[in-house]
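Right after this note come the structures.
In what follows, subunit A forms one complex with subunit B and a second complex with subunit C.
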Partner chain A sequence: MRILRFVGRRLLQLIPVLLGVVVLTFLLVRVLPGDPIRSILGPNATEADAAAARARFGLDQPLWKQFLDYLGGLFTGNFGTSIQSGSPVSGEMALRLGPTLELVVIAVAIAVVLAIWLGIWSARRADRLGDHTVRIFALFGNSIPEFWLGLVLILVGYAALGWFPAPSGRVDPDTNLTPLTGADLVDAVLTGNGPAMASAAAHLVLPVLTLVIGVLAPLLRSVRASALEVLHSEAYAAAAAHGLPERTLLRGYLRRATLVRLPSLAALVFGTAIGSTVLVEYVYSWQGFGQWALRGLLYRDYPVVQASVLIIALCYVLIFLIADVVHAVLDPRVRI
Partner chain B sequence: MAPPNISRRGLLQLGGSVALLMTAGACAAGSKSDPKSGASAGPAASTLRIAVSSYLSSWDQDFVGFDLTALMLFKNVYPYMIDYGVTTAGDSQILDTANITPTFAESFEPDSEQKVWTLKLRQGVKFASGNEMKAADVKWSKDRAFAAQANVAGIYRTIGLTKAEQVVVKDDYTVEFHQEFPSALTRQIQAISLYVFDSVEAKKHATDADPWAKEWFAKNAPTGGYFNVSKATQGQEIELSANTGYPGPDGAKTPTIRISVVPAAANQRLQLQAGDIDVALGITGQDLQDLKKVDGVKVLSAASNNQVAIQMSVTNAPFDDVNVRKALAYAVPYEQIIKNVYNNDARPTKSLVPLDMPGYSETGYPFGYDLDKAKAALAASGKTAVSSELVFEANNDEQQKIAIQVQAEAAKAGITLKLTPLDPATLGERRTKKSIPLQITTGQLWVNDVEYMLATSFVKGAALNYSNYSNPEIEQIYTKSHTTVDDAARKALWTQVQSILATDVPWVIICQPNFNLPVREKVAGWVQPMDGLARLRYLSASA
Partner chain C sequence: MADPQLAPVVIGGGDRDRRFARALIYVGGAILVVAALAAVFAPLLSKWGPTEIDPAGTLATPGGAHLLGTDGNGMDVWSRVLHAARIDLGIAVCAVALAVVVGTLLGLLAGYLGGWVDDVLMRIVDIFQAFPTFILALAVAALLGDGFGNLVLTIAAVNAPAYARLVRAEVRTLREMAYIEAAKTSGASMFGILWRHLLPNSLTPVRVIAPLNCGWAMLTLAGLSFLGLGVTVPTAEWGSMISLGTSDVVAGRWWTSVPPGLALLVCVLGFSLLGEGLQERADAKRR
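Coming up: the complex of A and B.
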């Protein structure tokens, strides 16, 4: 009950936060140099044509009127019309968000599990060969650019070994997958489309692996540091001195105490990954949210930029809310 | 410290889970899309696979932005009433801009004054919906274009078409275009503008708020062209099927073309090598050179009218002084750029009128790399040193390389250049404001005619006139050219144009790079489009 109250309170706090994001994004994107209208007009367009196009997208209105129209639209789920494509932003976003969320959720989930196991394993072997190996791996993962790693994995996994499909999309179009959520693996499962399931899984392996290697390092280092702290704590030493079985020590004393800090970091990693998968999407022809948002920014497609920033902000605050709840569950000292 | 049994088990569980995911993925991959098996078997001759760099932003040609993937696809899926023929240039086949012939139309001819053009449609031509293509479709399409006040409406002004009332339906299969003045450009302008929507189908999706069914057309492919879109997987692949009902000459040679989106050039290269794609429409630079040595792959090369230039602002210092412009024109290392940036795969040019455009004259650009002359020209301006920014497109490797080489040589002549890469929106805005003193431009004209070149690039207020150049004589010649339809008379005008441009030097013209297209050995029939938009109907692949 207390948790529900906490969640309710936090959800209410979201309103001013998101409103702030809406106002700031609306203003900042218009402060940036660049005219979104000129990029959609042909070489023979006159100022009159440009004015007509501005009117078509409501950009001829005073700024306050544009903002009120935008805000009014948000309450009805209308994010506006993309200047580049002429399509409703909500429809485009729905198609783009699913693939990116699928990629990031799977990658971060795998990275969290790996970080927990490897971090604790490494801490328990501090300064031994296994520990050094894990730490070097973490440093390596932290150091290499994701796009480069992606290209190397494609070169090895697709071109040299032929184990994985060509990096040209998320699922084989011949499987005739009916899109529901945009997340192809989920859609394949929901529609019971076996070939699409296999194809989507195959297409996911390399991009997921690229992201996992990229995001694993900070999580791993955090878990290892926490585990070392716990291992050197008086509580753990007392438990060990009392001769408790190793399994009890691991599960009851080490793992839970170690994981206390992880939710916040995992939330941060998740939020960052949502906003920064653009290079991975580019390398794997993923056509996800990141590429869509980047193109919107490059061409100053105001509605697209506004929608993408709002969604990233929403992802951040929701995931941090979940992280706080998980933190409270893991750490009895936390009162919510 | 740690008992090995627990940690080992943990590691085994962990390793097992990851291995399961990888194995499942790998097995799934092997079950369907093994590139090796694809490479050995190759595609059936009935299917051609093409990689492009991006998915199209909209299916609506009237309202789309400057999206080259979309514009290329439109050429193949919209029914264009007339189009260029094909001619041979050296070893290449190219679109013949001097020969525009009816395709979906039966004829397109002017009256004796060349002011009223009559379009006659073939009978029995149908859209995918089963609706017959009629004069009402042409009228509705042109009304829509004028209402859009965008691409077609803009270009129609050059031939004296400014309002919907000038397009008149005479009967079910005849439409007249009443121009305000005769124009030698009519066929060329209509070749790129005369596409037709299925208006019966469109009206089903029109609403009071959206009378031209913009929302529907943005998401739904048009039909009735050389190809129909049989399947479109958003962001990934578009499958084109040849329109067997096409009534004119040169129908599609390949029954099915699959266009997949592969943004990274490196991946296009890998897929071409592996045989997973047949044509790569997004590979440049060193990848092209490397692919020339790969078995099973050939790189088609064709002359192109793509121009690489540096536009100098004639209204912003220091290039508002013609002697400073001349100094830069002498300081640019033309041959070095052709060698280092284009691997000698570009043609030097001696006029701002593109090579191969009717009227081209070698007297149009009397400048070559000569630092002494550059210094002398700068001295003639009364200055010993000038500085400026040199703007180019961010993420454009070729332009960046050119900028660096120009910067180095210009410095030797006393011209200091600060390199400024700009993103598309900022570049577009600054171009509109004409506030860029010096910028590298790359592009080709969609109409192979000097009148069109003047209209887009050299008359006052023209959208591509980033130099903000204007000259009363050029304006006069341009106006005169509207009504000059005789070939010899037009060429005389173009000689004057080039003479004036040689004196005023609004641009440094660097070169015309050749067009290169890497394809699998079995691909044939490529026709180089002089407007840069590939006509896929000519492509075929042997089994």
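Coming up: the complex of A and C.
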């Protein structure tokens, strides 16, 4: 019951933030230098052509009317029409979200599991060679530009060794995959398309690896720190002194302590991953949400920018909310 | 199976921690000094100018007339890698400095005044922090456009809210301290209290975060340039150099994009080591 009240209160607090995001993006995107209409018309278009196109997208209306139309549309799930492609933004977005979520979810999941395992391993060898290696790796991971790492992986994995497919998409078009969710591996499994499954998995390896290395470092540091805290605690010393079996020490003490901190960290890392995915998708021509949003921004496609910014902000704040709730459930000391 | 590693736990002594912290600070500092020297003396260290085109050809292999070969435009990669340090380090350091100044000022005001000033400032910070930072940087960069000053502004704008929040939190705890109360009763002005008492004491966490933030700022700048929203060719900058080398990578030509990325990695690592060392030292002191 308390949790429900907490969630309700937090959801209410989100309303002003999201409304602020909606108003700000609406205004800022219109202040951006550059004209979306000019970019879809040919070089020989007359002023009358431009005016007609402007009217078609409702851009000739006064600003307050445009805003009310946009806001009204949002309540019915209508994000408007893309100026570049002329098709509804919500449909385009649905097509693009799947591939990106597939990438980010797989990468964050792998990074979390690796971080728990390596972080505890490293803490138990504190100040010894293994620990130093892990810490230096984490420092490197924190400092590496992901887009460059992606290129190096392509250089090694594709150009030199030829083990992985060229960085030009998510699945081999010859496999005739029927798109359902947009997440190609999931689609291949759902339609029972074996060759597509292999192809999608092969295409996923390098971009996922790039993202994992990019997001692993902060997770690793946190798991190591909380495991060290437990190792230095009196409770742990007492448990070890009483001769509790190692498995109990590892599962009941070390791993549990790291799990409590994990939700908020995973949320933070998820945010980083959403940012990185724009770069990683660009490197691997992933054609996902990140690349779509970037294109919208570059071409000043107002509805696309508005929708993508809102969705990113919504995902971001909701993930933090979920993390707080999970944290409260896991750790009874948290007062909410 | 018994794991011998598990039983006794050696807790690092204070001295050892401090030595480790000092080593990190020295190594990080040394990397940054070398990078700064390379940036300053770049013209002396390379035969070719950073935007000079060799008529003998594009994509020359490393060795011979060009230490690291030439890129797709026929420009010397080694020279460009060196000269790019000026732009990358310059923008990153200026941006973080600006973010620290603006963020600290806002944080001080919000934390000390409280009330509606605090409410308004913190709601604005909330909106800024409703985005992953790189996404925000993309949007602000598209708004402001490129050029040295605008990129400094972009990266500063994205970072300032975090400093504002950090300093505000410090000020709110410090504000209740007895010595502030004492200063107030002895008739110190608000400006005096802010400047002489609250500012120096609330900067402790900022000092640790700022170097790490410089590294992050370099990565952001390079990322923006990589996507075409930051520094553009022909100006020498690591991100745009990597971007130009993207098509070469697929063809197996490493020298146009690997060297600038390595240079970027090493510089960011320098900042990370420095920041990690400062953090470690602060922790050792607290213990």
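Definition applied: the second predicted complex is superposed on the first by the 316 of 336 C-alpha atoms of A that agree within 3 Å, B and C clash if a C-alpha of one lies under 4 Å from a C-alpha of the other, contacts with A are read in each partner's own complex, and residues count from 1 in each chain.
Keep in mind that, in the parts below, a contact is a pair of C-beta atoms (placed from the backbone, for glycine too) under 8 Å apart; a residue touches a chain by one contact, two chains touch by 3 or more.
What you are looking at is a predicted structure, and each value in this text was computed from that prediction instead of being measured.
Participant: Clash or fit: how do subunit B and subunit C relate after the overlay on subunit A?
Facilitator: After superposition on subunit A, subunit B vs subunit C: clash.
Participant: After superposition on the shared chain, which partner residues are touched by A:278: those of subunit B (first), subunit C (second), both, or neither?
Facilitator: Touch partner of A:278: subunit C, not subunit B.
Participant: Please indicate which partner A:53 is in contact with in the superposed arrangement: first for subunit B, second for subunit C, both, or neither.
Facilitator: So A:53 only meets subunit B here.
Participant: For A:167, is the partner it touches subunit B (first), subunit C (second), both, or none of the two (neither)?
Facilitator: both
Participant: After superposition on the shared chain, which partner residues are touched by A:159: those of subunit B (first), subunit C (second), both, or neither?
Facilitator: Both partners, subunit B and subunit C.
Participant: Look at A:313 in the shared chain and tell me whether it touches subunit B only, subunit C only, both, or neither; answer first, second, both or neither.
Facilitator: A:313 contacts subunit C only, not subunit B.
Participant: Classify the contacts of A:294 with the two partner chains as first (subunit B alone), second (subunit C alone), both, or neither.
Facilitator: It touches subunit C, and subunit B stays clear.
Participant: After superposition on the shared chain, which partner residues are touched by A:36: those of subunit B (first), subunit C (second), both, or neither?
Facilitator: Touch partner of A:36: subunit B, not subunit C.
Participant: Which of the two, subunit B or subunit C, is in touch with more residues of subunit A?
Facilitator: If we count touched residues of subunit A for both partners, the winner is B.
Participant: Examine A:28 and indicate which partner it touches, taking first as subunit B and second as subunit C; both and neither are also allowed.
Facilitator: second
Participant: Looking at the overlay, does A:103 come into contact with subunit B only (first), subunit C only (second), both, or neither?
Facilitator: In the superposition, A:103 contacts neither subunit B nor subunit C.
Participant: Could you give the residue numbers on subunit A that contact subunit B in one complex and subunit C in the other?
Facilitator: 32-33, 124-125, 151, 154-155, 158-159, 166-167, 231, 246, 282-283, 298
Participant: Considering only the defined contacts, which subunit A positions touch subunit C in the complex?
Facilitator: Residues in contact with subunit C: 16-18, 20-21, 24-25, 28, 31-33, 124-127, 139-140, 142-149, 151-152, 154-155, 158-160, 166-167, 231-232, 237, 240, 246, 249, 271-272, 274-276, 278-279, 282-283, 294, 297-298, 309, 312-313, 316-317.
Participant: Mind listing the subunit B positions that touch subunit A in their complex?
Facilitator: 1-3, 5-7, 10-11, 13-14, 17-18, 21-22, 24-37, 51, 55, 57-58, 60, 63-67, 149-151, 153-155, 157-158, 214-215, 218-219, 231, 233-237, 239, 258, 260-264, 266-267, 270-271, 273-274, 276-277, 423-426, 428-432, 455-456, 461-464
Participant: Residues of subunit A touching subunit B in their complex?
Facilitator: So the residues of subunit A in touch with subunit B come to 32-36, 38-46, 48-49, 52-53, 82-88, 91, 95-96, 110, 113-114, 117-118, 120-121, 124-125, 151, 154-155, 158-159, 162-173, 179, 195, 197-199, 201-205, 208-209, 231, 246-247, 250, 282-283, 285, 287, 291, 298-300.
Participant: For the complex, give me every residue of subunit C touching subunit A.
Facilitator: Of all residues in subunit C, those touching subunit A are 2-3, 5-7, 9-12, 16, 123, 126-127, 130-135, 138-139, 142-143, 145, 215, 219, 222-223, 226-229, 239, 242, 245-246, 249-252, 254, 257-258, 261, 264-265, 268-269, 271-273, 276.
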